[in-house]
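For clarity, chains are labelled A, B and C in written order, and residue numbers in each chain start from 1.
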């Protein structure tokens, strides 16, 4: 590990220790924040009891589905925008402000369209993730150097061969970045949707525990969720860095 | 008078690292520079130990193989980085950590400010000094015209070629009328013809202002044509292995390349440099 | 299709604007069709929603709620921008500090911050400060990350030039570092703007009694699609216009690059 990595680890450990002490000595209102050790204990008993397994799995499924759909739609959208420069220019101002609009406001509409089941939540995840995927796909295609396309032509590759042997491998790192963001955004949107709007799932259970002043459960669930998402994000980021480094070192 | 007794590194008899008559503008004594290592990289000694004296109003050129420490020498001389050991003096005062007043630097890389127009770039230093706007306009217009950028006064650096940007950086430094001008391969991005003409301009400027000039270059003919003396640096860590006095009159221009002595000077520079360049290449390979 | 995307003449820019208008018209058309398909109870028509929006805008009660949101958003934005700028400069200027904290910030950016909202509520109470804190928590991260990258990527020779031109540290900051980093910083500001708005609204949607986010949730619970869509329209219009203005400013700041 690098020096910065060690220091980072130290900072995290110190922060947790400081919080533990501050809570134990009641410098922080114990109604507001519980010590990290009790958060961990809460998380463990949640997992052990199995009471929340269904909700956790439900959320993970929703995220996975939202991600899969956003991946496919976003990729198609990126290719479309790349192929149609005029559409792209027309859509530019709208795409630039897309993430300023809280997409949760379309939840009721999705309920009408899909019914009262999991699909409105998945749809919210998709609306949030799909544009990031599309924009990164577009970026990837635009960054393929003209020299690569010319090389492919000189070698007499067919358009299909060119796509699979040259274009896609060349823009793979950027598409991967899009996919990573799609995972992250799908998580954010699905959890937020559950938190504010839905009646089941990881996010809902946190909100429910909050409303019932059940701090150990709330912090336990929170710690669990942050751990899962943080870990997924960390792994994807490391992988992404490797991909980009490889293509930069060419 | 040059103080005698300074150690003279491997220089041929009859050539002096210390200057001839005239007041001393710059004095380097026992200067070394070691870049600290980082991670797996061991420390790198880039420079010296090296001694150098420049007379007031002298035109001194430095040639040496790539990576031998020329830019490092310039940084140390300008007060941009501290020597690891040894002392640097400008006009009798020690140089430490700040660029002394009266020193102008043109860097090897493009240092134009991309957010300013050509005119504002050239005026930058004067504005910071609080020179009246009228005088700034006058001096800047003159410098821009001098550097052949008149038609681009309102353009941004991104709209200029590499050579034009380099000329802009020279203009930005010249308007400050430095008494010591440090130039790090300022003509690197220019073609040979423009290079010769720019050489003539720099010579004219040097005569008119009476400034001391230190020019780093990789073109032997350029060094031979412009300088009073040419210092030849060894492969890293750079030190002077020879200092060639050209003996040109102060009134001179690019036509001296036709003289037979010119060929002799370049030949001597090359015979010194050939072995060093090969050494430099083999250590980097 | 022969759209000459490379030409940047005024007529080309004009045509791009026309195309955007056409695209918006097409989206409104799609909305109208969807309205016909699912019925007015579920999705009001564009016309009905606009009418409702006009009514809402004239309503003093709505104005009070909008003002509450605007206030929370304004403070949160201020914190995001100024705090983000300061932290970003700090992390950018000191390499090791930046290396230590950057991955933490990236992780904080990636986690669903809504789950942290209860903590913020417990710490700040149910008032406007919780909303401000939550909005700022969303917006500050991109500002920090963009500023940090910008400061790190300042060309070293620019800093050297500043020294060679005898600039004081203050003059270096004002006349070299600031202009060199401004475009990147501004991109961060733009994204920070969007996320701060998002954060503020989400904060209002959960455990709040006032503000546009509250009105939204209220309308959802009472099944008043016309209000929802009217508010959505308002937010989309506000976000798009503000974002376009910032984008235009951003482009002007980048003239040289």
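Keep in mind that, in the parts below, a contact is a pair of C-beta atoms (placed from the backbone, for glycine too) under 8 Å apart; a residue touches a chain by one contact, two chains touch by 3 or more.
Since the model is a prediction, treat every value here as computed from it, not as a measurement.
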| item | value |
| --- | --- |
| Most distant chain from chain B by Cα centroid | A |
| Core chain by centroid distance, with centroids computed from Cα atoms only | C |
| Two chains sharing the most C-beta contacts | A-C |
| Chain centre separation in whole Å, for chain C relative to chain A (CA means) | 19 |
| Intercentroid distance (Cα basis), chain C paired with chain B, Å | 49 |
| Geometric centre distance via CA averages, chain B-chain A, whole Å | 54 |
| In the complex with chain C, residue positions of chain B that touch it | 75, 78-80, 98-99, 101, 103-105, 107, 109-111, 113-116, 124-125, 128-129, 156-158, 172-173, 176 |
| Chain C contact footprint on chain A (complex, rising order) | 2-4, 7-8, 11-12, 29, 31-33, 84-87, 89-94, 96-97, 99-102, 104-109, 112-113, 184, 187-188, 191-192, 195-197, 203, 206-207, 210, 218, 221-222, 225-226, 229-230, 233-234, 237 |
| Interfacial residue positions of chain C with respect to chain B in the complex | 155, 157-158, 160-161, 163-167, 171, 175-176, 179-180, 182, 255-257 |
| Residues of chain C touching chain A in the complex | 1, 3, 5, 16, 19-20, 22-24, 38, 42-43, 96, 99-101, 103-104, 106-107, 110-119, 121-123, 190-191, 193-195, 197-198, 201-202, 205-206, 213, 216-217, 220, 223, 225, 228-229, 231-232, 235-236, 239-240, 242-244, 247 |
